[in-house]
Every structure is written in C-alpha cells, then in structure tokens.
Amino acid sequence: MTMLLAVRDLRVSFPGATGPVYPVDRVSFELARGETVALVGESGSGKSLTGMALLNLVPAPGEVAPGSSVSLEGTEILKLRGEPLRRIRGARIGMVFQDPLASLNPVISVGDQIRETIQAHLPLGRREARTRAEALLAEVGLAGTPEGYQRYPHQLSGGMRQRVMLAIALAAEPDLLIADEPTSALDVTVQAQILTLLEGLRRARGLTVLLITHDLGIVAGRTDRVLVMYAGRIVEAAPTAELFAHPAHPYTAGLLGSLPRLRGPRQPLRPIPGQVPSPGDWPAGCRFHPRCAKSFAPCREEPPIVEVAGGHHMRCWLGKSGDSA
Amino acid sequence: MTTDGWLRQLWLRPAGRVGVILLVVMSLTAAIGPAFLPDPLAQPDLAQGGLRPPDQIHLLGTDYHSRDVMARVVTGARVSLAVAFGAVLLSITLGGMVGLAAGYLGSWIDAALMRLVDAALAIPRLFLLLIMVASMERIPLWLLIVAIGATGWFGTSRLVRAEVRRLRAMDFVRSAEALGATRRRILARHLLPNVLGPLTVATTLAVGDVILLEAGLSFLGLGVQPPTPSWGGMIMENKSFLVTAPWTSLAPGLAIVIAVVAVNLIGESLHQDPAPPLS
Amino acid sequence: MIRWLAGRLLQTLATYALAVTLLFIMMRLTPGDPLAGLSDERPLPAEARELLRRRYRLDQPVLTQYADFLAGALRGDLGVSIAQHGRPVTALIRERLPATLLLGTTALAAMFGIGIAVGVLQATRAGSVTDRVLGILSLTAYATPSFWLGLVLTWALAIEWHWFPVAFMHAPLLDPDAGWWVRLTDLLWHLVLPVTTLTLVSFGAVARYQRAAMLEALGLGAIRTARTKGLRDRSILWHHAWRNSVGPMLALFGLWLPLVVAGSVFVESVYAWPGLGTLAAESIGSRDYPVIMGVAILVSAVVIGGNLLADLLHGWLDPRLRPSQ
C-alpha cells in the first residue's frame, strides 16, 4: 500500500501560565491510501487538535511547534503558506465537524456552500459547478434539485445538515477525509445512517478516512486500524480486530471495559476513575499512571514503545516486563 | 459581580484607567478650580481690549470681553458635567422603570410601551428638545436637565426590557416564581440587580452623548444662557474669532473631546467583560 | 410573504402616526405663546392677534387641532410658516430638501463605507497596534462636536490654506451661464468640507460596532469550515464573516439615522449649507414653530422609512428572518 499521509513528532503548543503547554505532544502516525483509521480518546486528549493541525489550522493562540512534520505524499503541509496551503485544504483533505449547525454558514444556501468549494479548486464555471453541487446533494441522499440547492441550514434536520457537511467536504474530490466526531451531536438512529453513508462514500470514491471519535462503539467493524490517544500522546496503535480482541494498554482496556457489551457473558461496566488532566498538569512518566489500576514503580518514568504483536504497538512499561494483561 | 469587582476591572484595563484618571481630574478641577482662577465673568482689561493670547496671567488667553478663557472653561465644566450626570441619572431611572415594567408585566402593557418607544426613537432627540425649549426666553439649569433627561430614556428602556425578558426565562427567576415569590420581590431581588450591569455600561456611554448634546444646544443658543460659561456656548460666542484668536474656541472644544473620550473609555472597559453578572 | 409585508407596512404607518402625535403633544405642552416670537418690540394689537390665532387655527379645540395636524402630516400638508409670512412649510422644505439630500446621502455613504472598512480591518487584526490606533482615532472623532470640528476645518483648510470654500453651496460670483461641468465641480468643491465633517463625527460609531460584530462573526464555526474548504481569504472575510455581521449593523441603522440628521443641523449651519438643517436653525432663532415641527415630522418619516428599509434588507440577507412559506 502507498503512503498518503505521514505525521512525525507533531506538537501543538499553547501559551500557559508558566510557559508553553503541549495538548498534542509528539504524535506520529501514518495513513495508507484507502485506509480507514480511527483516532480515539476522551475529550481533552488532543485528538481534535491533531485533526486541525493536519490542515495547519490550529486555532490561535495555539500553534504547531517547530520540528513537527505533516507530509502529504511528500508535501510538507506545515511549511506551506498562502495559495499552496489553500490548494491543500478542501482539495486534498476534506473535513467534517461534530456540530453541523454551527459549522454551516446560516446565511448562505447549502447549494452555494457546496458550489463555492467546487469553484475554489476546480476550473469550472458557475453553472457547471452548480450542476455538480446538485449531483453531490443527491449523492449524500438529499434532494438534488434546484429547491434542494436553495435550502438553508436552519430548514434542515441535524442528520441532513451533516449530509451537507459531507457533500462540502467531498466537493473538491479530496483524497483524505477527516471526520471529527461526525455523529456525536446526532440521535442514535441518525448516527447509524450517517456512518453507513460515510462507508458508502469511502468505497465509491476510494477515500482515506481519519475518524476522530471518543466512542469506541462506532469504531468496531468500520475501521482498519485504531490509534488510542491519551493526554496528548498516542498510547496504543493496532488493527481494529486485534485491538478489540487483545487490548494491551491499561487505558485501552479501561475504555473497552466502560463499553456495554452486547454478546458474551454479562459483566458490570467498569468506568475509568478520574478524568484526563489538563495539558499543564500532566504527570511525569506515563501520563496515565495516576488513574491506572496496574501502575507500579517504573511508571514514574517515560514508558517505552513496545511491539505487542505484528503491527500492534503500545507505550507502556507492562509490555517490557512481559506482564501483559 | 460587586461594585468593588467592577471598579477593579476598570482599573486593571489601561483604557479604563486612563478614562477614570481623566474624569476624576476634570471633576476635581471643576469642583475646586474656580477658587484658584479669576472670576469667569470679570472683564479686567476691557479698556485695553480682549482676545489676548495665552500668557502667564491668562494661561489660555482671554476672549473678546477680556474674560479669562481658562476660568471659563473650568467653570463651564461644572455646567456640562452637572447637566450630563443629572440628565443621565434621570433618563436611566425612567428607562429602567419603563423597561422593567414592560419586560416583567408583558402583555398589552409591554406592547403599548414598546410601540411608544419605537415612535419616540424615530424623532431625533435634538428636535424633541428644540420643540420643548425653543419657545422659552431663559432656560433654567434644572429645566435643561429635566428636558434632556426626559428625552433620553427610550433606548435604555428597550435595553432593560430585553435583559429582563432574557433573565425571566432563566431558571433562577422561574424557580423563584414557582416558589411563590411576590412580583415586587422578584423585581427587587432577582431582576434589578442583574439588570444593573448592562445599565451601567449604557449610563457611561450616555454621559458622553449628553455632553455633546448639551454643547450643541448651547451652540444653537438654547442651553445655559450667557454670560454663564458653558463649553458649547463659548464655541458659539467665539466662532468669529477663530482666525484671530483660536485659543478662545479651541480650549472649550478640546475640553468636550477629552470629557467624551474619558467616559467612553470607561464605558468600553466595563463592556468588554461579557460574563453575565448573575447573583 | 405579501401578508407579512402588508403587516409590516401597517405597523410602520402606525409608528409614524404615533410619532406625529408625540410631536403634537410636546408642542402643546410647551409653555409660551407660539405667536410671541413674531414681534419682540411692539406688542401686537388685540385684533391682529385674534386674526392670527384664527389663521393658525389656535382658536379651535385641541382635539380638532390635533385631527387637522395628523391629517395634514399624513397628506403632506405641514401648515404655514409664522416667520416667513404665511409661506407653506411644505414649500420651504421642498426648496431646501435637495441640498440636504445631497449632503446627507453622500455623508451616509462615506460614513458607512469608511466605518465598515475600518471596523473590519480592526477585527481582522484585533489586539494589534493598527487596531488600537484606529480605535483611538475613531473614538476621538466620535467625541468631537460636529460644529466645532466644522469651525476648525473651516479655519485650517478654507481660511488659512484656501483649499476649500468657506461656506455655501455655490461660489457667490459663479457665472450663472457657466457650463454644467463648471457648475458641477463648483458644487462638489463646496460639498467636501461639510461631508468630511459629518463623516468624521459619525464613522466612529459604525467602526466600533462593525469591529464587535465582525469579531463575533469571525468566531463562528462556519468560518472554521470555510477555512477547511480552502476558500480564498477575501471570500472568507466578506462572503462568510461579514455577511454574518450585517444583521447587528442593520439593527443599529435605525438608531443612527436620527444622529446623522441632528449632526447635519450643526454642520449645515456652520457651512451655511442651504438645507433643512440651516432652515431648522434659522427657525429656532425666529421661534418659527410650524417650520421646526415640519422639519421634525419629515425627519421622523425618513427615520421610520429607513428602519423599514433596514428591516427588509435584513430579512433579505438573513434567511432565518424570512417569513416561512
């Protein structure tokens, strides 16, 4: 498989009371063309900021720290400015957000919001772009008619708005789609519809997808690999089936334990105690160890990255001692 | 938020601090300055002629009647600031009462009051004042204050009404109502204290507008009557001497600019904090 | 849609009638004899007074006077001038209206053009030196009395440097047979100082509100989406952000119009511009009540009409406010 995106040592810094803090701290991963990868973590883990950083769109006063690298087929996105950067956003990488009502422009018709994306990147006239926008509306399951084109976000339901967001994100034929909590603001039944739609679009267009979510429940069966993020770092990376079958990192195990199970023996839910510390308060060593049931002396120092199985890595002292769960 | 918190917030912002210092210096000068300056009505050198440029005796020169310009600007500050604060106090009180009544009582009272306010806002305040005072030979200071105050509450009542309606929909007022608190108690204990925040900002900004309005009326000859000095009146008296004796009208004009800038700096610094002051 | 429009028009008419009523009540409540200003030196003979009272219908019951007044105001009959020997107020106003319209519309366009440009520029550089300097400049301009600024500009630019004419709308010695080009440049030459004065004292308010509205608009999720779509900066700024800031600005338009009108009273009289403002200022001197009332009624009609226009424009620009079909 050819590599589409390579992220190396990505750090996002924000000014803190006592010097900069790093909500995203040396994150590295790769996306192969056509792959669907989930980036999973609780809120505050830095997963959404990671997504924004891939488009060089970290909100001020935050910024990408020097030494970080995001390479799209050899193009270093973080070094781009102006026109070349604009040519990446939307055209090579599309993005969808959690809250479709807040993310759509309330005073522009949904059709025009799609059309302007097409015209920003493709050499098409207004009329051709409009026809194409209507086709996209139809592709995401909305009315691809002039009436459908002229509707405004406030006239649509939550699920329909997210379909419009998908149409916008795919309007300029990007290779990579970043979906940041695309279903978290939706009803459960609508969630399933949107995820099915996303899967269909991915297949039809051969998209590479980075699915950012806090919900491991929507990851199973829909993704090829999972990256688990905690306190600004990726703590475990594995093929999806392998991760669900053999979670190695205690944090991943905790996340799975707090998930209700539909099959197998009944077990009580075991939520992880406490919550993600804020970026200024990260403990030294393993950042999870104050919340970890299995923490022991070495955890106060920086944990090593160990390969648990083929393509299955984690950042934990347990792997080293062979005392895996 | 307490009054103490407001003052601290004001002082911590550079713009607010500059505004407070300017306003305090102006008010103090207006209060005690005249004691150290010549009589603003005296005409010491009438024989030799007026319009003397600034020198050691007359720091800002003299006007056509050989009166000391500095003394007149400082004394004029008393009129301007008294009118501004008096009128704004009156209009804020009226606007607050009408806004609370409309917002809290609702129904036809609200509808009637707000239609009235819509109509009143369509007439420029200057014209309302012209009609009120144009027929009078002499306008006493108190009447000027009342007239300006009585024509300035429309916008305030709208603001207060909107705020009251927003607050009424919030849980703490609804729970007070559910617990059977009386109207008077809800108004006094829950709504009034929370409306004070936006009202304070509106008040400071209104002071600047009234200083300009009073100066304009005096310029049209409808404000405080000469020979009592007022900033707008001084500009009118001396407009023919702008070329030969610019100090006579530059000084009162700059005084107006500084005063209005000062209150606006204060108002903006109070406004910047969007945190709703909930009790 | 038609019903909504009709309702809105009816409401506008009711507001106008109410404003006229308020003016009438204020006039009647005012102490002092409307005819007092007519002869300062010699008291009028009793018969002459009686004649005049009948002529101005002051002998009728108040309610009849009110009904006449209201009907007149709706018809466009504003009575006759006292000081100008019975000339109809409408005729006086018609004479002066073109000059005021020219000055007023030019100043309004300049004030909004400059105010919007400055406010948007400040918002895009919020917190920078540019932002602060522009903020101080517009606040100072706002705090300057128009009549004083007019005098100072006359002194500096007209008297000392002879750049512009001191007053009036035309050069007094202009050849009446001069070609249209000469007359037009002469008119524009006379227009510069009054327009500059009126614009300077009013653009600050627009700039301050535009800055705040634009800052809020730039924080919308829709702007983040527009960036991820790879739109050009100009499109993001004006098409996406500015259009969302127009609503609050239009809501304030109705409140600013009376201020601009009041400002033009001072500016016109400083420059002896032969418009309604000068007419009003002259009428104050001669205590010519019907003329002051006439101008006030006209101005209220303009303000109410302006409000209606702003409302309709707001509905056109913001689909959320449109009546649903």
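As written, the chains take the letters A, B and C, and residue 1 is the first residue of each chain.
The rule we apply is simple: a residue touches a chain if its C-beta (ideal position, glycine included) is under 8 Å from a C-beta of that chain, and two chains touch if they have at least 3 such contacts.
As the structure is a prediction and not an experimental result, all values here were calculated from the model.
From chain A, what is the lowest number of touch steps before chain B is reached?
Steps on the shortest route: 2.
By count of C-beta pairs in contact, what is the leading chain pair?
B-C
Please work out the Cα centroid separation of chain A and chain C, and write it as a whole number of Å.
The answer is 54 Å.
Using CA atom averages as chain centres, what separation in Å is found between chain B and chain C?
Here the centre of chain C sits 22 Å away from the centre of chain B.
Along chain B, where are the residues that touch chain C in the complex?
115-116, 118-128, 130-132, 134-136, 155, 208, 212, 215-216, 219-222, 232, 235, 239, 242-243, 246, 249-250, 252-253, 256-261, 264-265
Within the complex, which stretch of chain C touches chain A?
220-222, 224-232, 235, 239-240, 243-244, 317-320
Inside the complex, what are the residues of chain C that reach chain B?
Touch list, chain C to chain B: 14-16, 18-19, 21-23, 26-27, 30-34, 36-37, 139-140, 142-149, 151-152, 154-155, 159-160, 254-255, 258-259, 261-262, 265-266, 269, 280-281, 284-285, 287, 289, 292-293, 295-296, 299-300, 303-304, 307.
Touching residues of chain A toward chain C in the complex: what are they?
55, 57, 59, 86-91, 94-95, 97, 99, 102-109, 116-117, 120-121, 152, 154, 165, 168-169, 171-172
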